[in-house]
Structures are given as structure tokens and as C-alpha cells.
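Presented sequentially are two complexes of subunit A, the first with subunit B as partner and the second with subunit C.
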Partner chain A sequence: MAEATVAIVGAGPAGLRAAQVLAEAGLRPLLIDEGHRAGGQIYRRPPPGAERPAADLYGFEAGRARALHDLAEALAPRIDYRPGTMVWGIAPREPAGFDLDCLGPAGHGRIAADRLVLATGAMDRTLPFPGWTLPGVFTLGAAQIALKAQGMAIGRRVALVGAGPLLPLVAHQYAKAGATVVAVLDVTPLGAKVRAAPRLAAVPATLAKGVWYTLACALRGMPVRSGVRALAVEGDHQVEALTFEDASGRRHRVACDAVGASFGLRSEAQAADLAGCRFVFEPLTRQWQPVRSGQGHSSHPQVYLAGDGSGIGGADVAELQGERAALALLADLGRPRDTSREARLDRRLARQAGFRAALEAAYPYPHHLVDRIGDDEIVCRCEGITAGALRRAATEREAREMNRLKALTRAGMGRCQGRVCGHAAAEILARRLGVPVEAVGRLRGQAPIKPIPLREPA
Partner chain B sequence: MTGLFQRLATRPGAAIPFTIDGAPAEAKAGDLLIGAILLYRRSLRRFEFGPGERAGFCLMGACQDCWVGLADGRRVRACTTLVEPGMAVITGGAGG
Partner chain C sequence: MEHLTVDVAIIGGGTAACAAAVALREAGLTVALLEKRLCGAGASGVNFGGVRQQGRDVAELPLSRRSRALWDGLNAKLGEDVGFEATGHIKLARSESDMAVLEAYARDAAEHGLDLQLLGANALRAEMPWLGPAVVGASLSPTDGQANPRVVGPAFARLARRLGAELREHSPVRHAAHDGAGFTVEAEGVTVKSRSLVNAAGAYGGAVAGWFGEAAPVAPLSPNMVVTEPLAPLVTRSIGVVGGDVYLRQTRRGNVVLGGGRGTADVADGLARPVSATSLAAGAKTLALVPDLAHAQVIRSWSGLDGEMPDHIPVIGPSSTRPGLVHAFGFSGHGFQLGPAVGEILAELVTQGRSTSPLHPFRIERFAGWRGGPYRSEGEIEH
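So, the complex of A and B:
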């Protein structure tokens, strides 16, 4: 029998480690990468011509970044690497396996695979606030990518807002690179971090990094604040200032020309949806994610999951999960198992899961921002659909779940397919209906999961 | 008019000439179109469903906020497209 064809979607930490395990076993996996160079967003490499030293780009993580980039080079002859290739559709094949519809450097193509490892990563989770659609307001991740991939800052006077460990990291990186950071605003309370500290200390290196970044920001004289509420960006055609309330309720105004703001991460799970994976609501981070076993199995016997695309765990966890999922896949193919390696990975993953719960407790969900979303606020950036329109659909047109809301209002139907608005829309709908957010369901994924030029499909 | 972005890490190498709405501009090898444009401008495109302009949002190919038109008829996502010599960017349109 011919060897199974395995396609890995995503070439970040999870996808690369999965590729390594499969290549070591003598398989020649496809590694499909929407990026132009392997590494994913976290270890994103600048395009050729824009390279800078790893220590400047990745800080404490330079060693890990270099290791993964070196791995990508070393794997090149032993895998089928497809850079610059977007998977926009996944359909089942008869009698088994999948057809992946791809758009790559040579145009459209279809890739057949018997098994899939989905390592599709995450993006910033966003919430609307006044002024958030002005040019100059970006996600926190975008602010970091501008610096990492381009050596550029998103503005001359930059305010950064967040609800997670990315905030002090980006602030530190910006200041170190010579940018002017005028405010570092955490919308989660300081008390939550203090309470979570003992559990966070279980992984001392990570805690030390978080503390270091925060201290470094303070030492550089950056105004760092926790418990910030009621954000608003002022400006008619461009960003002029960010206003907010501090933890004691006092209003502040900081002049700036760019804002990087996001509130945690959300899994990019459309590919898993198209592949037929079952989803489950994850209450810790308030989002629907494909069901994943500790070993990396999805609910579909030929689909494996690893990394932030199926549960927010960060880059180190993604590496472990990529390795673990590939071992599970090999076991399913009937290959000899290395049970001690599996057990070692399972132990490390269990330890990381405990740490993750503490981290989420340190950065609780910012309900106060959702509570303040006014009827005039644009929720869907793609088509300008307001919170008021969503609320009216709930009360006047009986939208009870997300796909009905989408059909009635077009929220989630625009170019981004609900990547940006879907989370906020669900929170708004659930509040209006007075039900838990999981009760309104999730937007179904549909091909093409990203815009493709219509003239190109054959 | 100054742009929104600021280049912090300067690097050697020849300038890549391109144009923004006909006005000459220069980029460096390895610049993505979004950065190349926003070093000169404060937005990328008009918002087609209401007043205002847009300058991109996620920079990782997910939000689809940064589509721009080129004079040759192509429409490209500025955050995943490398600038090429002679590219003629048109920012007046609605992008995608």
C-alpha cells in the first residue's frame, strides 16, 4: 500500500514540529504555509532584504526562533514545503481523505491528502470601542508585526492597549527599538494578576519574562496602567488621542497618532470547520474551538490538531502539541510507538495546561468593554454594521443564534468572514437575549475561507 | 504630508521606486506594500460602506482591511504583498 499523504496546514511552531516528527519517520509531509517563510506569526521572519538580528526581533525567544528557522531549513529536502499558499477550501474525498483547494504562487491548485494536521494559529481578539475604525488603530499583533517583519512602528506616538501578556512584550519591544510609547494600558485589573501569581510561578521562566517586560516598560518611563476602562479614540479622519478611565474612575487623555489594541487571542479554526471537526465552547477564553484530545486527535479520525488554532496555549505549547499530534498520527498509521517520548510530552503538556489556566485568570475577560458598546458603534469593520443593527435583529427579527444574525444583518458575511466581528457580535447578541454567550452558537465556516480572485479558479 | 508608519530600523540597499496615486515614492527591498504606502500616507483606501478611510488592521492576512488597487488592474492585500519596482498603487478606490 502506498504511504499515506499527510498535509500540515500552517508552518508556525506547531506545524514545523509536526513536520519534523513525520519527516523523521520517513514520511514526506506537505507543509502548506500562507506565509512566505516558515515560522508563523510568532516567529515571523522578515522578507528577504529586511532581515535583522534574531536578538532584535525575538528578544528572550531568539533561541527558540532560531531553532525553528534552522529546523525549517533542515527539513526542506525531506518535506514538500509550499510557501505563499493559502488553503481556502477543504472537502472530503471518496472513499476517504480530503481535497484542499489552494491558491499559491502558481495560481489555484488542488492537493489531495489522506490525513491532515491543522496548525492554523490564532489572531488578535478585538472588541469595538469609539474610534476603533479610524486609520491608525491596529491590533496589538499588528503593531508587533510591523516591527518584527518591517522594522517599522505603527506611528510616531503610539498607545498600546491589551488584556494579556502580549501587551508588556510589545511595549518593551517598541521602546527598545526606539519608538515613542505614550501609554501602556491593560484593561484587566491588577488584583487578578496578584491573585494568579502563585500559580503562575509554577513555570518560573515565563513569569520572570512577564515581570521583566512590565518592569522594563516602567523603567523606561512608560506610563503603564492596569484596570483601564472606557476606551475611546478621538479624531475626525485620523487618530489624535486615546481617552480612558483609570482604575479609580478618573478620565485621562493621551495625545497619540496610532493605537495598537486587542483583547486576548482567538483561534483561527475555519479549516477545522471545513474538514468536519466538531467544536466545543471553551469557557476560559470564551470561544468555540475544535475538540482536541490531549494527544492531538480531533473528532474526525483523519484530522489532527495542534497549536493556538485549536486552543490558546502560546508558542511553547504549540511546539509540544505539534510533536504530540504527529506521534499520534504515526501510531494511527500503525508505526511503532515510542511510548516514553509520548509520556514525556504528555507530562509537559499537562504542566503547561495548569499554567495556562492561571494565565487566563490573571487576564480575565473584559466584560466592561462589551457593556459599553453603544448602538452607533461599528461592530463589523468590513461592511460598517453597527451594534444597534445587531441588537434590533435580536429583538425585532428574532435572531437567536449567530448564523441567523449573520443572515439578517450581514455581520460575518464580509471579507473577513467574521474573524474580526464574530466574537463581539456573539457577546452583543447574548447580552441582548440574556443568555450565556455559548447559547448563541458560532459562525459556520464556509469556503472560500478568505477572499480569492474570482477569475482564477479553473 | 507625513505618513503614519515610522521606519525605526534603517537598512542599506537600493531604493525601489513605485508610485502612490501617480506620486513617486521609494521603498526598500523586503518592504510589504502596507508599510511602503503608510510611510507616505495615513490611510490605504476609502471605506466603501460609509465615510472615512482605512489603513489596515491586523497585518497578518486575516482581517482583509488592507486591500488596495494597482494601476494594472490587480487588487492585492497590502500586508501580504511585497512592493515591486514600478508598482502603481491607487488609494482612492475601495480596495477589494
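So, the complex of A and C:
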């Protein structure tokens, strides 16, 4: 009997663990990786020949990174690994299953799969502030990628700003790599973190790491501040300085040549959208995400979800979810079940979920800053659409939801298809309309997920 | 449940429907318009954006000429820039037999007052040196052009609302009937009673006609569209080809919009989606016409749901069974340019029972006794 073809999209912690479980069961899954070496963004590797010690690249996570990289090598003969391959379209095929449109080293290709495990990861959430489109402003994720993949810092004097637990981590990584971190500025009030601390303690190791990174930053003499406001980047053609107000309202100016900014994470859920998964608004992180059961089922019977692409949980949770989703898939194929393994995973995932809720409470998406975004500020940088244009579309042109806002203003219509500006645009629209952000809906996903060449690559 | 009583109920919220609401309000009638999603979000809003007279069935040319005159004044009328630019539309020949088709068409068009310029290979290359070697000649319609389809329908809807029309969005119509005294239209959340009824329901126009015992075989049609990132100005005119398998234009912003072939449509939920293989094929055909686009990146693809008639021209005119009912649907993938004129024509039909435009070819009676059964549309769609 022909075995089901399973395609795993994404080769980070979730995708790799799913591949492992399926390979152990004797399947030969496809593992489709947009990157060139398995590991995902979190455990991204330098190109061969440019390696650096894992401890330098991944800090506390060096052991996990090594384990996953070793796993990828060990799995190689037992899976169909497709590095450097982007899935840009997903369409249902008759009578069941999917066609995946891929762009890989050999050009455009089409992969047929009976079932999908989507482990597509996350990217930074942005929030416009004056100067955020200047050359030299990066997301924190980009700052990490530069460091992990190329051994480069984004600048010589780097300021890191935003919200979320990544902030002290990246600061630590940068300082350790020899960059000068001139400021670590968190827009979250300190109070929110203090209130969340007891629940964060549910997973003490993670809490300890967070505390350690923060302390390490402080010990290295980095100015770490919480509750900062009125961030602005100055510079004529590139970043020259960062200005902000501290929690007591005092104005500061820090000279720097690069800024890393991030306001939390957003799921990269376009593949789930194209596969036909139902979405639900997740109030804690204020974003739409594909519906996912505790076992990794989506709303679509042949699609499984794991990792940050369907709910922000971090790398450790992603590994557990990848394993769990693959077990659910095997069960659906009628394979014998290891119920004690399933139960053990379910218990660990439940514990992590409590921690995650606390973490989100500690580092909420700072939507309260939306009102401070000036009318002249560019929100959609692909198309150059300002906050004022979005607000006018709401008041003068009857834009009541995101797709109409996009149609009328072009916001979200450019290269990134709203991946960068979508959240901020939704918050701005909702604030202007006086409705909860979920009421304005979400941008519909459309192929290609990321730009593809008009001409088929030779 | 809301109850409205008006002179005219309109089923559908596309450009023609909203333009009809505007014209009816200007004529002093009360209007309620029912749209299942958002006004201008269907075929009106997701089409190619061609404002083209050239290449139409000659039966459509009088309507198209009338509409073209309206496009010049749309910004002023709507109080908004709808992006209309008379860039000219050029229809390319890729063979001598294509050229013969263009020559014959130019003669027919001239009889309707549409002047087309036939260009041989040399004249064409002199003007558009970026055209690929596959092109041997062309027909240019200098007065044609392009506009932004996403804003036209919504702008007509807002004007209708400003003029006092009752617009109800997210209000799909469940049924309509006539009880001898007037029409009753039942939609989600609202019931409308009216003296007249306009059926501008697009792909669902045949179903509405069916409620009144009229046959109108409408097949779903979903043109496949692709757009590139913004590029430096290159494609100066809106471009089509004989045969219609590919068409493209460059927007003011610089994006190149290209279409060709069909997406898939689910009539039940009203959603259409593009087909990747079709998008790639349209890209390849585009590169044969404009090789300089070889390095462009595609950033989005989409489709939309329109209704297509077996003879590829719409149904426009009074019902054959029920006085007071007026149809305008089945624009077969090329209704965008006609929308403003069809709005006026619908208002004429409602208020005077006839139109100054020749509508005989579009009468619904042409499908009386239609025996074709369920009809499936296929072939190329010319925009």
C-alpha cells in the first residue's frame, strides 16, 4: 500500500522534531526548508566553512541548537530534505491533498502531498516610530540573523528597542560578540513584568535565563530601561541617534549607527491561510492565528500545525509541538499509538502554555502606542502609506475592515503583503473606528507568500 | 429585521449597481441596494482595470462609447481620484492572421465612431521599442486606458449613500418575488418592498432571473491576475493580444498587472482564487511580449467572480416576464469599463421603460427556451 506523502514546511525546531517522529515511524517525509541549513531562524547556522562556536551563537541554547543540528544530519538519509526551497503557493488537489508551489535551487516546482505539517515560524512585529524606515533600523530578528548567519553586527554602536523577551537576549548576544550596545529600551512598563513574575516562575529555568540576560546586560554597563516612550530615530540618510523619554518623562538622546527594534512576534501563517485553515483571533497577543488543537490539528483534517507559525510559544515549545503534531498525524494514519508518550507531551505543553500566557502579559504588544503614531508616519513602507492616510480611509472612505483598507489605500499591497505593516495598520484602523482590533479582521493571504520571479529561474 | 419601502430595490453592489443607485437618486427616486459582501468587492473591484472599447463585441460599442465619455468626468463626479488615465489600449498581433483580424475589426469599429490606428511592425517598434520579436503589428485605440478598479465601485457606493440611497452591505439576498402589487426582496437582516427591482447580481444574476421564471445561463468566470512589484515606467499603454490569452498594463505606481487564463471559483461561497500554474503561464506569455520584464518579481496573484453568458455579452434590459424588473448581469469578464454607462441605462429603464442606448442584443429573451443545460464557460477572456 502506498504510504501517505507528508510534507513538512519549515525546518526549525518544530519541523525537525516532526520529521524525526515521522521518520522513526518509517515514513519518508519531505522537509521543505526556506533556509539553506536546517535549524530555523532561532538555530540558524552560518554557511559551511564560516562556523563559530555554538556557545557564542546560541548562548544557553547551544546544547539544544547542537542537538537539532545533529538531528538534521542524522535524519538526512531517512527524509527527503529540500533546502533553499520556498513554498509560495498551496492549493487543494482533487480528490484530496495539496499541491505545493515551490521555488528552489532548480527553479519552480510542484510537490504533491497528502498531508501537511506547517511549521512556518514567526517574525518580528513592527510598530512605526519616527525614523523607523531609515537605513540602519533593523528588526531584532534581522539583528540576530546577521549575527548567527554572517557573524556580523548591524552596526558599531547599536541601540535595541521595543518590547519582548528577545530584547535582553539580543543585547547579550551582541555584547558578547563585541558590539557596543548603547541602549536597551523596553516600552513595556516594569510593573507588567513584576506582576507576571510569579506565573513566569512556573518554568523556572526559562525565568532564570530571562533574569540572567537582563542582569548580564546591566553588569556589562548597558543602560537598560523599561517604560520608555516617544522613541524616535534621527539621521539624514541613516541612523545617527535615538531619542526617547524615560519613565519619568525625561528626554534622552543616544548617538548610535544602528537600531534593532521589535515589538513581539507574529506568526507566519500565510501557508496555513492558503491551505484553507480557519483562523481565530488570539487576544493575548492580539493577532489572528490558525486554529490549533492541543495535539496539533488545524481546522483542516489533513493539515497539522506546530511551532510559532500557529501561536507564539518559543523554540522549546515548538519542539514539543512538532513531536506532538507528528504523533497526531501518525494516529490519523491508523498507526499504533504510544499513549504514554502523547500524555507526557501533553503535560509538558500544558505547563508551557501557562508560562507563555504570563510571558505575553509581561511583554504585551504595545498597542497603546498606536495613538502616538503621527499622521505623517509611514506605516506601510512598501507602498509609502502613512498613518494619516489610513485614518482618513476610516473616516472619509468607509474602510471598516482590513481588506477594504488595503483596497482603498494600498497598505499591505506591496512586496511584504502586509507581513510587516498589517498589525500596526489594523490597530490604527480599529482605534480610529473605536472598535476592538479583531473587528477589523485580517488581510486575506494570497499567493505568492513571498515574491517570486516573473521569469522562471534558469 | 429591518423593513424598507422604496421606489427601487437593487440586488448587487457592483459598479453598475451603485452607479444605478446614484442615477436613480438623481432622478428623485428612493433606492435600497443590497450587497452580499462589500460594495465594489466582487468582479467590479478585482478585475484587470482596463478601460477599453477596442476589441469588444460590436454590439457593446455604443454602450462602451457612452461609458467612455463618462470616465473623463468620474473624478469630478465621485470627488475622488479613481486613477483613470487614457494611456491608450494596444492590441497586438502575433501573426499575419492576427493582423487580418485587427484590420477587419478596425473597419467595424469605425462604423461605431471608434477610430483605431493600425500599426505595422516598424511603426510599432518605433513607438514601443521594448516589445518582443513575437509581435508583428497592432491596433491602437488612443482614447482607451486604465483605472484603479478597487476604488471605483466603493466611490460610487459612497456617492449613492451621500445622495440618500439606502445601502446594505453584508446582506445577501435570499429571495425576491412580486405579489401583484410590488416586489418583496428578502435579504439577511433586511426586507425591502419596492415598485421596481434591478437585478445586478453578477454571477448570481441568472438565479435572480430564475425567481421570475426567466432562463439566463450564467457560468462562473474567474480571471487569473498577477501583479509585479513597482517598476520603472516601461509599459506605456494597456496591452492586449488577439486571442486574449494575456493582457497587461503598468499602473501609475509602477506595478505591472497581468492577466491571462482562469482561476477557480466557488460560486456557493462567492470566493475565487488564482491558479499558480496559470499565473506562471501568464508570466511566460507576458515575457514573450515584453522581454524587459524578465527581472520583475511577482508579489501577488488574485481572482474574482464574474458571470459569463454563452455569447460573451451581458444581459441588459427589462424582464420578459415581470414589468418593473430590470436586468444587468453576465458581463462576461469585461464589465468594468461599461459600469458607469450601465448605471445610467438602468435608471432610464426604471424611470422611462426604455434607454437611449441600443439594447436589443442584450435582451434576456435571447435565452428563452435555453436547452443547453448547465453551462460551463471556457476559453480565453478578453479584457
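Criterion: the second predicted complex is superposed on the first by the 454 of 458 C-alpha atoms of A that agree within 3 Å, B and C clash if a C-alpha of one lies under 4 Å from a C-alpha of the other, contacts with A are read in each partner's own complex, and residues count from 1 in each chain.
Basically, a residue touches a chain if its C-beta (ideal position, glycine included) is under 8 Å from a C-beta of that chain, and two chains touch if they have at least 3 such contacts.
Not measured: the values here are computed from a predicted model.
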Check subunit A with both subunit B and subunit C modelled on it and let me know: fit or clash. fit
A:Asp101 in the overlay: touching subunit B, subunit C, both, or neither? Say first, second, both or neither. second
Look at A:Met413 in the shared chain and tell me whether it touches subunit B only, subunit C only, both, or neither; answer first, second, both or neither. second
Counting only touches as set out at the top, which of subunit B and subunit C does A:Ala14 meet: first, second, both, neither? neither
For A:Pro46, is the partner it touches subunit B (first), subunit C (second), both, or none of the two (neither)? first
Touch check for A:Pro448: first (subunit B), second (subunit C), both, or neither? second
Partner touching more residues of subunit A, whether subunit B or subunit C: B
Of the partners subunit B and subunit C, which touch A:Arg397 in the superposed model: first, second, both, neither? second
With the two structures laid over each other on chain A, which partner does A:Ala387 touch: subunit B (first), subunit C (second), both, or neither? neither
Between the C-alpha centres of subunit B and subunit C, what angle is subtended at subunit A's, in steps of 10°? 80
Smallest distance from any CA atom of subunit C to any CA atom of subunit B, in Å, after fitting: 6
Would you mind listing the overlap between the subunit B footprint and the subunit C footprint on subunit A? 383, 414-415, 451, 453
Quick one: in the complex, what on subunit C touches subunit A? 38, 41, 45, 80, 150-151, 154, 157-158, 228-230, 253, 273-277, 279-280, 283-284, 286-287, 293-302
Contacts from subunit B onto subunit A in the complex sit at residues 4-11, 13, 28-32, 35, 39, 42-44, 47, 49-50, 52-65, 67, 75, 79-80, 82, 96
Which bits of subunit A are touching subunit C when the two form their complex? 88-89, 91, 99, 101, 108, 110, 383, 397-398, 401, 403-404, 407-408, 410, 413-415, 417, 446-448, 451-456
Can you list the residues on subunit A that touch subunit B in the complex? 34, 36, 41, 46-52, 56, 86, 123-124, 133-139, 141-142, 145-147, 149-156, 177-179, 237-238, 257-258, 268, 381-384, 414-416, 419-420, 450-451, 453
